[in-house]
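What follows are several structures.
Two complexes follow with subunit A in common, the first pairing it with subunit B and the second with subunit C.
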Partner chain A sequence: MSEKIKLCDLSKCTGCRGCQLACKQWNQLPAKQTVNTGTYQNPPDLQPNTWNIIRFQEISDGNGGVDWLFRHDACMHCTDAACVKVCPSGALHYTKYGTVALDSGKCIGCKECVFACPFEVPKYDPETDKILKCDMCYSRIDNDMEPACVKACPTGALMFGDKTEILKVAYERARELGGDASVYGDKFVDGTHMVYVLPEKAGIYDKLPEKPRVPLSVIAWKDWLKPLSLLAAGGVIAGSFLHYITHGPKDTSGDGDQVSKEGGE
Partner chain B sequence: MKKGMIKVSDGFERIVHWSMAISCLILMITGLGMMFHSFNFLGIPVGGLKNLKLIHNFSGLAFIPSLFFAILIWWKEAGIFKFPEDLEWIMVAGGYLWHVDKVPETGKYNPGQKAFFWAVAFFGVVMSVTGLIMWFPLSFPVELVRWMYPLHALGFFVLFPFFFVHLYLGTVGVPGSVSAILTGWVTRSWAKKQCPKWLKEMEESGKLEISE
Partner chain C sequence: MPDGEIISDLFYRIKELYEEEGGPLKEAVTEMTWDYGPKDVDGKVRHLDAHYIAREINGYFLEDKEIKGKLYKKGTLVPSFAYLQDDGSTSSGNWLYCNSYTEKGNMAARRGGKDSSGIGLYSEWAWCWPVNRRIIYNGASVDPETGRPWDEKHPVIFWNGSKWVGDVPDGVAAPGSGRPPFIMKSHGVGSIFGPGLADGPFSEHYEPLECPVEKNIMSPQLVNPTIKRWDKEGTGTSVDARATCDPRFPIICSTYRVSEHWQTGLMTRWCPWLAEMQPSMFVEIGVELAKNKGIKNGEIVIVKSVRGQVDAVAIVTNRWKPFNINGNTVHEVGIPWHYGWVTTKMREYVHGDKKPEVFTFGDSANIVTPFIGDPNTMIPESKAFMVNVERREV
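== the complex of A and B ==
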């Protein structure tokens, strides 16, 4: 099965939030009462019941004016996904399309993925004691449909398809845009399954790390300490057995031994 | 009881020892079930991994007070290295690894046991603190929480070997040891070999309890 990726061309995004709504509709995530925080961005961050949002951001255009940036934010579906690495129950897992899906029944609410994800995507729901996040509409893509957000996008900012094809489109588009435009996503964590065409420099966007990577703490924990602790535990069990059959147990019987003579008199 | 047995532990020590031992065993087994996918099946008997996590967390709550009392009652006898005799003992590995004609005499606890005390005291505190933060991570900064997990794993890496050697030397490795922590009574010959200096001091001060 070929890898599938979602392309998000921010130069075409109008911030209509059709993707945000379509996601809620398909995944049956009714919105809760929201609060006006003085921005179109609502809710303020990804939530257990909001798996993608449009981030609204104002930046100076350098000529006294203001540029308004819109960014569709959702799970990046890393190839080397820190969340899958830390998940103790296997609830977070890779699919045959390379995306990262979630088996909610297996989730034990440990929140380890919340702290592992370099994009801060998984969100904890205290009501169900579960983690929730975008699964790239696995139920749809496994039936040859696009994710709901892509289907709803009216401007073609969101595209979905085979990795090689979509990446080609992304690079062509970035070249076409010129200037600071770049492709974001295919060069780190072994390639994400959502890639952006960013019209501005990567560092400008809110909450979008310039060089995301699996945190060193996760590597130290899962790649170093886990195998080392198996080695140490196995070594000491085998060592104790070898000790017993070669050196033998200590003789603690009788009174006529050297140590007790010296000690006792 | 046989005559001439020697008392080496009191009731409180034994209660603290076993509350630590049992909570540690449960913590290690349940922790293993969450650390390795191949051990996820350990959750099945308790109705799933979520319950395994709950058992792990609440056993931790039992472990913390037992650790506190363990440090309190054993730091004087097992927490202070005495030089040079402890160093001499370490140089010959207490006679446990190769043949040694004359093993330096130890007090109630030998340097190996003292090392075990320090490993448990230090990493026990590490496990408690990191464990509590991992239980309620949303109340702490991301960068802090991230390092709690590898520290918790480091604790297991250090504690399991110490635990297993303790188990081995406390049972089949040094026959006659188990009763020291089950009933509190050991044979005189065991005490002469395992804690000669302590035995001498207790006899001299007349504090030694001998069964009649």
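== the complex of A and C ==
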């Protein structure tokens, strides 16, 4: 199965927020009460019920001119994903397309991923004690459809397809734009499955780290110490098995009888 | 209460007043037919039924009538406007809608998914005026001499040798008969400018009726002399007031839409996902003006014209820059016009009222805009008028 990626060409985004709404519609995410805080950006950030948003940002060109930047912000679907690394229950996992999906049933609400993600994407919902985030519309892409946000985009700023093909498009577009334009996403965390074409320097965009990386603490615990803990866990299981062989299963029938007798009296 | 019920209730109250007090031409009200739903024993409509109204708009035969050798019984729905008579034997609320609700049922409720046109007309899905013609003036899509479509790959209609096939043909007799395609235009052809227009065709700069300058520096005529005005001298109310070059209202204001809402938001503000993205009335203010006024981003301010005032959240932005008009600095602010009370929290909700999942806040921009019509289209001049912006007294 070939890797799939989403391309987000910010030079073509008009900030219409069709992607933001289409995501909520496909994933049946409820709206929450908001207020205008002096910006078009609303909800103010990614939320358990908001898996992608357009970030609105004004930058001055120094000559009295102004650029209004729109950035589609959603899960980057890293190849070396900190969230998958730290997830103790297996809820966050890689799919056959290379994207990072979430099995809510397995999520135990530990919030490890919230702190590990360099893009601050997973959001914790206290009402359900679960993490929620974009899964690149796995239900759609597994049925040969593009993600809902891509489907809704009226300008072609969002594209979806095979990794090699889309990356080619991205580099061609960055070259065409020239100046400070660059491709963002394929050079770190072993490549993300959402890739930007940024018309401005990467450092300019709000909440977009210039050099994102998996936190060292995550690497230390999960890559170096986890194998040791697995070894220990394996020892426990082997010991239990040995105990079963030598002593046989635990007999609980006697206890059960006792309880039903007490209930009858 | 739905609009129809309000109208029905108003009708009965006005009728009662006329019956009690009389008045000129009172029969126009007291004798009016009003049978748009099941009735109570006193003859009043208990609750309005939209189907009764839709049938009335389509029209009935008011007596037995033979047309083209076929007898239509009294009470039968008229099949289409070609059957409407000028002898009082038929009725119709609007000829354009005749054919929308026939003996076959409510045409607008049809859900046929077949598309025999091949170009996506889906002629059996719902209905459109007139006579379910999907593309009006479709006669212009064919060569008038031969009936061959100009775009043969996507024919709207075409002549198959003996009749027209495709959409319901408009403005075309048999090919070569010389009938022009634009049947509703006096010359039968399309036009950019033609008879009946008050203004045009050449462009000219006029100042808005309410403006920050006393002289049009580009021409001797200050405002468009052909604009449509509804206010009459000596009459009217505060909504007709104007404030040109008034020091109380020194700031230009413009109105516009946001992607998330349509018109006053009566439909879009009920949609929680849209309401969440644009929940309230705002005013966009340039950084310089905000600094002068001591206005901070995100605080609620007052936008005031001579006609009224609205509360709005200040969006202080670099995108708005002051104008330099003939050497004077004039600031401009902008407001969307989508808000108003209907889905606000402040509204009084009675039992059974639908409440929005996400409330929206603020007033309609119509409170501050002027009422002046474009000479040709009568579209109001809500893009340019004068206001002031003030901090709210805390």
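One rule holds for everything that comes next: the second predicted complex is superposed on the first by the 227 of 265 C-alpha atoms of A that agree within 3 Å, B and C clash if a C-alpha of one lies under 4 Å from a C-alpha of the other, contacts with A are read in each partner's own complex, and residues count from 1 in each chain.
By definition in this document, contacts are C-beta pairs under 8 Å (C-beta built on N, C-alpha and C of every residue); 3 or more make two chains touch, one makes a residue touch a chain.
All values derive from a computational prediction rather than experimental measurement.
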In the superposed arrangement, which partner chain does A:Ile237 touch: subunit B (first), subunit C (second), both, or neither? first
What is the contact status of A:Val35 with respect to subunit B (first) and subunit C (second): first, second, both, or neither? second
Contact-wise, after the overlay, does A:Leu225 reach subunit B, subunit C, both or neither (first, second, both, neither)? first
For A:Ile108, decide between first (touching subunit B), second (touching subunit C), both and neither. first
Under the stated touch criterion, which partner chain does A:Gly178 make contact with: subunit B (first), subunit C (second), both, or neither? neither
Between subunit B and subunit C, pick out the one touching the greater number of residues of subunit A. B
Once chain A of both complexes is superposed, is A:Pro88 in touch with subunit B (first), subunit C (second), both, or neither? first
Given the touch rule stated above, what does A:Ser217 touch, subunit B (first), subunit C (second), both, or neither? first
Let me check the overlay on chain A: which residues of subunit A are in contact with subunit B and also with subunit C? none
Write out the stretch or stretches of subunit B touching subunit A in their complex. 34-37, 40, 48-50, 52-53, 95-98, 101-103, 105, 134, 137-138, 142, 145-147, 149-150, 153-154, 156-157, 160-161, 164-165, 168, 172-177, 187-190, 192-194, 196-197, 199-200
Subunit A residues within the subunit C interface of the complex: 15-17, 20-21, 24-25, 30-40, 42-43, 58, 60, 64, 66, 68
Quick one: in the complex, what on subunit A touches subunit B? 86, 88-90, 106, 108-112, 114-116, 120, 124, 129, 215, 217-218, 220-221, 224-226, 228-229, 232-233, 235-237, 240, 243-244, 247, 249-255, 257-260, 262-264
Residues of subunit C touching subunit A in their complex? 258-260, 272-280, 282, 297-299, 313-319, 321, 357-359, 361
